[in-house]
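Pasting the structures in now, so scroll down.
In what comes next, chain A is part of two complexes: it sits with chain B in the first one and with chain C in the second one.
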Partner chain A sequence: MKKNIYRLIGALLIGIVINFLIKFVIFNSVPNSVSSEEIKNMQLLGLKTSLYSLSFRWLPKLLTILIILLSSLLTYVKTRKILLSIITLIILSFSPWLFILGQTLNLHLFLLTIIVLLLISLCHKKYWIFIISFIFILFKQWLDLKLPNLQQIIDTWPLVVRLLDFKTLFFTGDSASQYLKIPKTGYFLFFDLIPLFVGIYVLLKNQNNRSLGKIISGLFIIGLCFLFISQSSSLNIYRGIIIFYSVSLVIAVGYEYLLHNTSYLLKALIALIFVLNVFFTYELFYYHFDKKNSFEWGYAETNAINQLNQKQIKCINITQESGKLKQYVDFFNNDVNFKTNMISNSKLDDICYAKNNCYCLLREQELGLIGLQKEDIETIFSHYEGLPIYFLIPKNETHVY
Partner chain B sequence: MKQTLLNKQYLSLLLILIVGFFLRFYLLGSVPPGPEWDEASAGYNAFSILQTGKDEWGNFLPTSITAFGDHKNPLGIYLSIPLIKILGLNITSIRIVNAFSSWLMILVIYLIAKKIFGEKTALISSILVSLSPSGIFFARLADEGIMLSILLIYLGLLLFFSYLNKQKLIFIISSILCLVLSIFSYSLARIVAPPLILIMIIYYFLRAKKKSIFTTLMLLIFITVTSILLFRQLGYNLQRVSTVGILGSTKGIGLEIGEYREHDKNNFRSKLLHNKLTFTGITLLGNYLSHFSTDFLLNYKDHGNVSESHTPLLFMILLPFYYTGILFGFKELFKKSPKEKRSQIFILLFVLLIAPLPSTITEGAPSSKRSLAMHGFIELFTAFGLVTTFSLLKHKLKSNKLIVFIIGVLFAINVGTFLYFFYWIYPKQYGYMYAVRENKICEVIKAKYQQYDQFIFSRRIDGVPYIFPLFCLQFPPEKYWQTRQSRFVDGWHYIDAFDKFQFVDVVDEKIFDKLAPNNKIALFTNEEEKKTILPLLIEKKLISPDQQLIMTKSLINNPKLPLYLFTFRL
Partner chain C sequence: MKHMFINSKNTSNLLLLSLILLVIVGFVIRSYQIESHPPVDNDEFAIAYDAYSITQTGKDQWGVKMPLFFKSFGDYKNGFDIYITALMYKLFEPNIFWLRFPSIIFGTLYILLIFLLLSNITIDKKLIIIGTLLMTLSPYGIFFSRTSSASISQSFFTITSILTFIYYLKSNHKKLIPISVGSLLLSLYIYPSSLIVVPLLLSGYIFILLKKHEYTITILLVVAAFIVALPVINQYLGGGSMIRFQNVANIGMKLEINEFRHHSQNDFVSKIFQNKIVYQSFYLLKNFIYHFDLEPLIYLRNHVDQHDNGFPQVLIITFPFYILGFIVLFKQIKNPTYLIIALWIVISPLPSIIAGSGFNGKRSLTFLGSDIVLIILGLSYFHNIFQKKLVYFLYLICIIINSSIFVYWYFSPYKLLAESHLYFKTNKLYQIVKQNYSKFNTIVYTTKNLGEPQNPVLFACLFPPEKYIKIKVAKCSPWCRIQPFDKFIYMENIEDIIKYISLNIKDNKIIGFLSSDEIEIIKRKSCYEILSTFQPKKNYLNEKFYLIQFEQCI
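Showing the complex of A and B:
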């Protein structure tokens, strides 16, 4: 027993180190820019950050590590199986859904952390399920939760079956949450599919896992309820967060069974496939995530602000079309050295060519209104994958910055 | 006592068959509306063969019907010939083959299930098949011989199981014959049937108790002839696979690999990880598994396409029993039951597992149509799951009857909702997908064929406009061949004119070059074309302001699909 606890502590410590290494060193700079949603969340949380820093992400990363460690502890408390505890730690560390949530500032991680904390402390009590359901009331305002009417329940049902689709879970992810997913990956690793089936079988069949099974099924039901009470405007990865968590635990049970009941050769094979799968998935994240959905992120906006600062421009005119840039300028106002004016695109000609030191920053579709084409523009700010978005309209040559 | 039970069973089966018949044949010609393009094409080719022995391209008794260039499977078309002879060329006569096949399937599934799983499972399977939403949907479409093909696969299996029981050679020969015929009924059988034939042949040569030289020789000759016929069609199949398949540099996967390699400037790592093997493998696996997932099995699809079922494959309440059915099926394989029974269950599971393959390899998977070979097996394993689950829970649950009652009520709600949707809502809501404009044009043409010298409409209204006048006028094939002007582009046949009919890519000012002086013209247009052509007609004084008011009223009362008819004399 004591030996097991030492082992568990050792595993948790190694888990902490590995997770720190992964989240704070290897993948620290991915995603390479701040999203609009993160800005909104920072405003809500009262966080302030610099244009040149992504340090605000320490918060979700730490929360994720906490969730992973607590989950590992939870499985140990409920089953007394050290292997299952370690596997839970590994599975949650590399599960794409939790990893990606840990890489961006979002409020749903707070909810999941509290749920896991409550599970640890209340898992022996019969009423844990009600306490956790009660938590939703506390998060009602933050996460925009509402009791659904019949029509909303009917409308949400297709989402439930779509979310629990094998293709969505393991291969494609949800098309509506593209910007919060590792490219070409589902919410889980491809290979997790087999342990999922095994895990379901073990939980149904094996008496030893009954108490963990109850927690997982309880979480799944809570997850379903959460999905119905969260708003359709919310991303599916957020809406399904509790369901994904319960599925991850099932997968961990499946892996534990496979590793416990197979020959060394098969164990080695399972480990090898898992490692290859992790390598394949995280290569996609490291090298392709920023390029794949860069228009959803703020690389172009932060880069534009940075470059305009360097050019020592004092004033910028932008239209409603560039509302996203305005959001970034307002939020990072300490790092912005220029003033912005919102203009309507009806008098662009007069404003952009006026003899003053205020420059126009336009979108491609607005260039035609002042008789320009994108080839005429020298200073262009692009998304990370190279697609141009903002065009700095030059002044007459007599004009100086 | 036994006799009474037997009578009850037969009575139940009879009732199920009557319900199944009613659901398949009631309003067959109007739910769904039609004919749509493929139905019209299949119908006219059958009519042409009936009249001349040749298809619309003049091929004598073809083993593949060229049609639009899509090379339709012949068996369903040939079987509809006698029906056309009796009932005439109409939507009902061409839909009967599939409807009847689907109806017969209820009986065949019953017999298979009875043979392997017993009477209770057999009756429940036949109920589920008779009420199956996608079964009813595809039974009512004359889409080549899709249901015929599936019926033949099941019949092949039933005969093979009979062979396993009785070891009579006639059973294995007729079983293989059914499977071969299924290949000529619908494309999905080209993937599902050959592995089954192979299993049967291997079984015959390795395990059969009775083997005669004559039968072996017959079997070999039969396989050779079939292979030759199949080989002839291979070219068309490959062409089809290249069109709808997932492979190819211009397809999603090819483009995706290119994109990822470009991100990495095509370095070694990228080549190692982002290649056809990894990307295709992942896509295929995802596509395959999606055929067993909730979204595919339960959802009412909302595709703008006739070829996809708008109905779920399984009623929601039955889903858990489908999964448990598969699970118990696998469990049966490892039980100490008779070897023969295990072989039969193995074959059933094998077909269930290979049935999604035709859909897996295509873009847009999962497709309920391409994976329709699952239909029947889904119901069979669901029934098996239902029966086994309840027999396991019998001793554990006190309120077993109550649970059965609740499931029954929910099932009835599921069925009622589906029937209401399918017979009342679907034709109104999705009727526009069934060539509404083309059929309206047909109505006009039929009524006013003699009054006009030229009928013109464009491919903007319909990609294959020529088939509708041919179908609805029952146009004599010889006259069609004589007057036809056609082109062959990228494997597809385009008909530009025949008899009084002219088909253009778009109706614009150029059509005036195609019109003969003094001819009375009927010109059909869509909304965009109307905007182009109306000012020209007014400018040329071909229509008066009074006529303009009448002609700018759509012939169809559906704002999504406006259709205008301009009549004038040059």
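Showing the complex of A and C:
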């Protein structure tokens, strides 16, 4: 018993170190820019940060590590199986859904942390489901939760089917939004599919896992309720967060069974495939996430602010089309050395070619209004994958009508 | 021998009566409105005309005498269904009903096959009746029994082979092995999916036979299989059928690999993970899993095409037992009967996924029946509960209600959708030619609007095959395009048609089948009278088509 506890502590410590390495060193600057949703969340949490720093992401990263450690502890408390506890630690550390949530500032991680904390402290009580359900009321405002009417319930069912689709869970992820999606990856590693089946089988068959099974099924039901009360405009990864958490625990049970009941050769094979799958997924995240999803992030905006500062421009004119840039300029106002004026489309000609120090920063569709084409512009601010977004209109342009 | 085919414990009058009743119901559902629903597609018209050509000349439409593989559009169709249809045409008359009749028969006999298969899996008569009822009303069973697509016949012979092999396993009667293998090898000549299914299933048989120390028969089986398969192998390697595989290759994958390699500047790590083998494996695995996914299994998709009616494969009321069936199967996997069933389930989706499609009911139709076996295995887990008459009848009623939703959907909303979206123009042209061929000297339409539907028009007027073989001018590279022939004048654009008419119009016996856009153009340049108008009932695209008769302008 004592030996097991020492082992568990050792595993948790190693888990902390590995998670710190992964989250704070290797993938510290992926995603490489701030998203507009993160800006909104920072405003809500009263956080202020610099344009050149991604330190605000320490918070979700630390929360994720806490969730992982607590989950590992939870499985040990409920099953007294050290192997299952360690596997939970590993599975949650590398599960794409939790990893990606931990890389961005979002409010749903707070909810999950509280749920896991409550599970640890209340899992022996029969009424834990009600307490956790009660938590939703506290998060009502933050997460925009509402009781659905009958029509909304009917409308949400197809989403439930889609969300629990193997294709979505293990191969494609959210098909509606690219925002928190690692390319060619589902919410879980695709090799996790086999342990998921095994896990379900073990939980149904094996009496020893009854108490953990009850927690997982309870969480799944709560997860379904959460999905129904969250808004349809919310991302699927947020709406399904509790479901994904419960599925991760099932996967951990499956891995534990596989590793416990197979030959050494098969164990080694499982470990090898898992490692390869992790490398495949995280290579995709490291190299391709920012480029594939750059439209959803703010690389063009932060880059524009940065370069305009360097060029020592004192004033820029932007239109409603550049509303996203305005949001960044307002939030990072301490790092912005220029003034912004909002102008209307109809006066572009007069304003952009006026003899003053205020430059126009326009979108591609607006260039035609002042008789320019994108090839005429030298200073362009692009998305990370290279797609041009903002065009700085030069003052010395010879404008011919 | 007789006793082997129906488990003597299960042969009660009630069971037989139920079977007869279900077979009759199955036949009625499969043949109701068969001539009009679903719309006939281009492949079916091609089968119909080739079959007609065989009955009249003993040659296909390309003049090849009794071919094993029919050139058709250049895709070299397997011949079995064409010959069966030819037999129908020889005995009865060449029309759509007799074109689809063999599929109806195979689809109806499938019910019997599943009944026999279930009799080998469970001794519970009630579960056998449930399973047979599920097959009778199976959404995919009904869907594919109503088109002459060859996949139902291929599937039929594959399941016959599996069933016979299971009988062999139970009875150890060696005479059944040639029947099983023969049935499997016959499927090679029916539909290309069998190219993947047959070798894998055969490997499974060989594995089990070797385990039973049946060495002589295994060697004979391998030799026989090789000899029978030789013409098929030859056809695919050098006979032109490879076009089917070239057609379905995954082109987007190469672009994706290049994009991802570009992101990471083609470094060492990206070379390991971003390559054809990894991506191909990824897509194969993804598409394989998708065949057992919630979406195709239980979700009504807003999707209509000739391979998929969008209705869930498994009735929602049976879905939990379908899942449970996997667990029951897995637990008994060491039993050779269950091993063969597991192999059947695993192999069925492969033709579809190797062809690069996510879910294609037609290509993976070998699965038909495996879902029912799984459901019955799942239900057998709750054997005791279903012994209670009330529970049993309630569940039976639930299945009938759930199935009735499909039957209603298939013959009402789906019919409307299919009529409007699947081969609407082709089927209208078929009717026009059928009614007007003898009355007019020229029938014109544009390929921009209709493609090159030579088979529907050939079959509509039962154009003499001997004459067609002689006058036909074709360009094949590798898909074949037939130049205008006889009374049928089709060109790319309406302008070319107008030019042709202005040069050739000598009488008023020219009709045209044109779209509203084409009518707008023709309005300014020609004189015509509208004979009739056509539009899809569900006309989302606001399409309208006209049958017009050209006149000389005064």
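Annotations for the structure displayed:
One rule holds in what follows: the second predicted complex is superposed on the first by the 396 of 401 C-alpha atoms of A that agree within 3 Å, B and C clash if a C-alpha of one lies under 4 Å from a C-alpha of the other, contacts with A are read in each partner's own complex, and residues count from 1 in each chain.
By our rule, a contact is a pair of C-beta atoms (placed from the backbone, for glycine too) under 8 Å apart; a residue touches a chain by one contact, two chains touch by 3 or more.
Since this is a predicted model, take the numbers as computed values, not measurements.
When both complexes are overlaid on chain A, chain B and chain C end up clashing with each other. By the document's definition of touching, both partners, chain B and chain C, reach A:H288.
With both structures placed on the common chain, the touch criterion links A:L193 to chain B and to chain C. In the superposition on chain A, A:L164 contacts both chain B and chain C.
Contacts of A:F130 after superposition on the shared chain: neither chain B nor chain C is touched.
By the touch criterion defined above, A:W58 lies against neither chain B nor chain C after alignment on the C-alpha atoms of chain A.
Taken together, the two complexes place residues 158, 161-162, 164-167, 170-172, 183-184, 190, 193, 280, 283-284, 287-288, 291 of chain A in contact with chain B and also with chain C. Listing the residues of chain A that touch chain C in their complex gives 158, 161-162, 164-167, 170-172, 183-184, 190, 193, 197, 201, 204, 279-280, 283-284, 287-288, 291-292.
Residues 158, 160-162, 164-168, 170-172, 183-184, 190, 193, 280, 283-284, 287-288, 291, 385 of chain A touch chain B in their complex. Across the interface of their complex, chain A is touched by residues 260, 263-264, 269-270, 273, 278, 282, 285-286, 289-290, 292-295, 298-299, 326-327, 330 of chain C.
Listed in rising order, the residues of chain B touching chain A in the complex are 256, 260, 263-264, 269, 273, 278-279, 282-283, 285-287, 289-290, 292-296, 298-299, 366.
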